[in-house]
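Each of the next two complexes has chain A plus one more chain, namely chain B in the first and chain C in the second.
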Partner chain A sequence: MIDAFHAAAALLILALGIYTTFARETFAATVGFLAYGLLLTVAWVQLRGVDVALTEAAIGGGLTAMLLLRASARLRATEAAASAQRPGVTTRLLAAFVAVSVAGALALAVLALPVPAPTLAPEAAANIATTGVGNPITAVLLAFRAMDTLLEAIVLLFALIGVWSLAPDGMWGGRPGPRHNADPHGILAFIARVLPPIGIVVGIYIFWIGADHPGGKFQGATILAAMWLLTMMAGLTDAPPISRRWLRALLVLGPAVFIGIGVVGAFTAGAFLAWPEDWAKPMILVIEIALMPSLALTLGLMLAGAPERPAQP
Partner chain B sequence: MSAALDLFTYVAVGAGALFFLAGTVGLLRFPDTLTRLHALTKADNLGLGLVVLGLLPQVDGVLDGIKLIVIWLLVLLSGADAGQLVARAARGRRPPP
Partner chain C sequence: MSGATLFGLLAAGLVGVGLYGFIVNPQPLRKILAFNVIGSGVFLLFGAVARRGAAAGMGGDPVPQALLITGIVVAFSATALAVAVLLRLHDVSGSATLSSDPPPAAGSEDGAK
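Take a look at the complex of A and B:
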């Protein structure tokens, strides 16, 4: 029974993947990708990877799909002209060849893994107590693989700078995205008033619980960013001009604190990003608290888009 | 007692699944956006409500039960609002009959 369910879920995911790849319309492909993300979330829950499932739902399914939806809305005007220009046979064959080789190489790499796969899990699990963190995922992300997490946070910042750099010269320093003028008594304004208080509590809860249970700053920050975007889209708040000093300071705060504490580790524990035995938990906590607002702002502003209005209307 | 509760769970979750099935059939077969939305929101609201109701006797503590109910309420709120927004967008695209 359970096996049949797993097989059906796997087939459905595969079918949605193929649909997303072959869909001609950008919008249809985006909706396919959204559903694909939701199904992947269910698959991760089935595999008992609740942390991964939360991340997939928040970032893979939610945030990425929203970015793609915005992109497809912008492309709608030119889509017909773009798909009318079919590339030549050679180009398409070459693209198919490259795609099939990458997929084939990945499949070979996965199939060539020795059974049982080499793992550091027992060693990591044996040393989790020294970090003072109960959730093994958080312990791995912020103690054993802290460098990866730091680079992730910095990559997001670079991505935001990339989005901003699409601004026309005259609008540099202005407000991101179009001004949303929703009906102030409409249903969107209603939900943008009712949902954020709940969403903020849930976001902070998921962030806080991340120390001992599935959850963490990325998932929590995504929920906070979503609430912020909701109020922006309902016209209740406006995106801040990107030239604001406080905004830029908050964006840099998280990675800066992370690097700062990493340097402290270099002096007290002998290596960059190493935590001294008794101080691991408080240091991890400070980093998480500093990263949270930076991540929420970065994700929200990334979705708000490039500046396209002057700071003063 | 526990057998009766199990039976209640089977019946309620089964009824909820039936609503999801009916909603999906409606989504696929109904002729226009508004009727399809109607089918979809019924499945969300009643189907999930029945599933949650059926799962309530099986939870470990009061807190888990409250969490399930809150999840259902949140889905009600977002489902109803999303339905309204989609319906408005669909109506705005063409003149009312």
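Take a look at the complex of A and C:
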């Protein structure tokens, strides 16, 4: 049943969504989006999706908002010219009509969902013992629907290659993004020294606990990437040039190990990405451990952006 | 009304709000932002469906929940790519607009594409 807290949370989320859409300044809208992403985790916890809540807080709220905040700061000078092209009344009325129709149709669909609801939970519960992991979501991600997770890791890699390929010709192989120079005795540099040891422990814990409890490699890798970005923004570390061999090897390590173990499964268990029963847990662990650094690097470098500086400054 | 219905209706509202912003706001970065609002609405709708599938001692159907994690990560990579394209457009052309004619005409609707 629904209580006042969740009704208030839903109203606040809707209000922040509206603010994000209509705020005059892009920077303010992006800050609104950050709060919106964090509040959505309340909705996810109420929907009993704690794993999703962690992902939403880390990636949907945190990383996406950070990416957009940095972009809005760089594009601020163009804002006045771009917003002068606001469409006319007819377009706005039509857009409002389309938006209200789509929202109304979705709301009707929500109210008319079938009873009893279709579910795969009993099947997942019946087969989870064969995977050796205790968290049903991890079992789905790495055993029942491992193909999705493999393709997701590859999509991330392709997106990073896409970001890199936007580099100017002369900067190919260089370092991503601008060099950050913060005051070495300032509060940012202080936090960037104090927080990462804690963040790294929390990130690895969330990764490790994911086998049996809410958590997992994506959430853990996001925290590690955030710690790396923090030290980069404080000027304590610099983004590596994208031509480095070790960097490229680490980026493809996770997907390559995933595919390799999938092929092993084809011979030992009869299908690509199938795990033989006694070996399921160790195989899943090897994939997770190999994916973790690849994901953390991919997420961090995606935020750092396209190469903008030569490798040797 | 159950929690799943409440947040399902919220999801419908968020998709509507995001869609309006996506069409009407001329700035590309705001379109990316609105795209993310639409996306989170779709995810929330899927999450409400997953919650209704609670069975076998689980709070929700784990299969859609796992797909949601995949979806959120893929949406992030799409956003990162879109932002990188936009920043490159800004570096090359000095402006960040979707309009094809350089001087913005009053009431121009080209930007809505």
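Definition applied: the second predicted complex is superposed on the first by the 283 of 313 C-alpha atoms of A that agree within 3 Å, B and C clash if a C-alpha of one lies under 4 Å from a C-alpha of the other, contacts with A are read in each partner's own complex, and residues count from 1 in each chain.
We adopt the following convention: a contact is a pair of C-beta atoms (placed from the backbone, for glycine too) under 8 Å apart; a residue touches a chain by one contact, two chains touch by 3 or more.
This is a predicted model, so every value here is computed, not measured.
Undergrad: Between chain B and chain C, point out the one touching more chain A residues.
TA: Between chain B and chain C, C touches the greater number of residues in chain A.
Undergrad: Between chain B (first) and chain C (second), which, if any, makes contact with A:188: first, second, both or neither?
TA: It touches chain B, and chain C stays clear.
Undergrad: For A:102, is the partner it touches chain B (first), chain C (second), both, or none of the two (neither)?
TA: In the superposition, A:102 contacts chain C only.
Undergrad: After superposition on the shared chain, which partner residues are touched by A:198: those of chain B (first), chain C (second), both, or neither?
TA: first
Undergrad: Take the contacts of chain A with chain B and those with chain C, and give the residues found in both.
TA: Comparing the two interfaces on chain A, one with chain B and one with chain C, no residues are shared.
Undergrad: If we count contacts the way the header does, which residues on chain A are in touch with chain B in the complex?
TA: Counting only chain A, the residues touching chain B are 186-188, 190-191, 194-195, 198.
Undergrad: Spell out the part of chain C that touches chain A in their complex, as residue ranges.
TA: 1-21, 23-30, 32-34, 36-37, 40-41, 43-45, 47-63, 65-70, 72-81, 83-88, 90-91, 95-97, 99, 104, 107-109, 111-112
Undergrad: If you look only at chain B, which of its residues touch chain A in the complex?
TA: Per the touch definition, chain B meets chain A at residues 74, 77-78, 81, 84-85, 88.
Undergrad: Provide the residue numbers of chain A that touch chain C in the complex, in ascending order.
TA: Against chain C, chain A makes touches at 1-2, 6-7, 10, 13-14, 17-18, 20-22, 26, 29-30, 33, 36-37, 40, 43-44, 46-49, 51-52, 55-56, 59-60, 63-64, 67-68, 71-72, 74-75, 78-79, 81-88, 91-92, 95-96, 98-100, 102-104, 106-107, 109-111, 113, 117-122, 124-126, 136-137, 139-141, 144-145, 148-149, 152, 155-156, 159-160, 162-163, 166, 168, 216, 218, 299, 302-303, 305-306.
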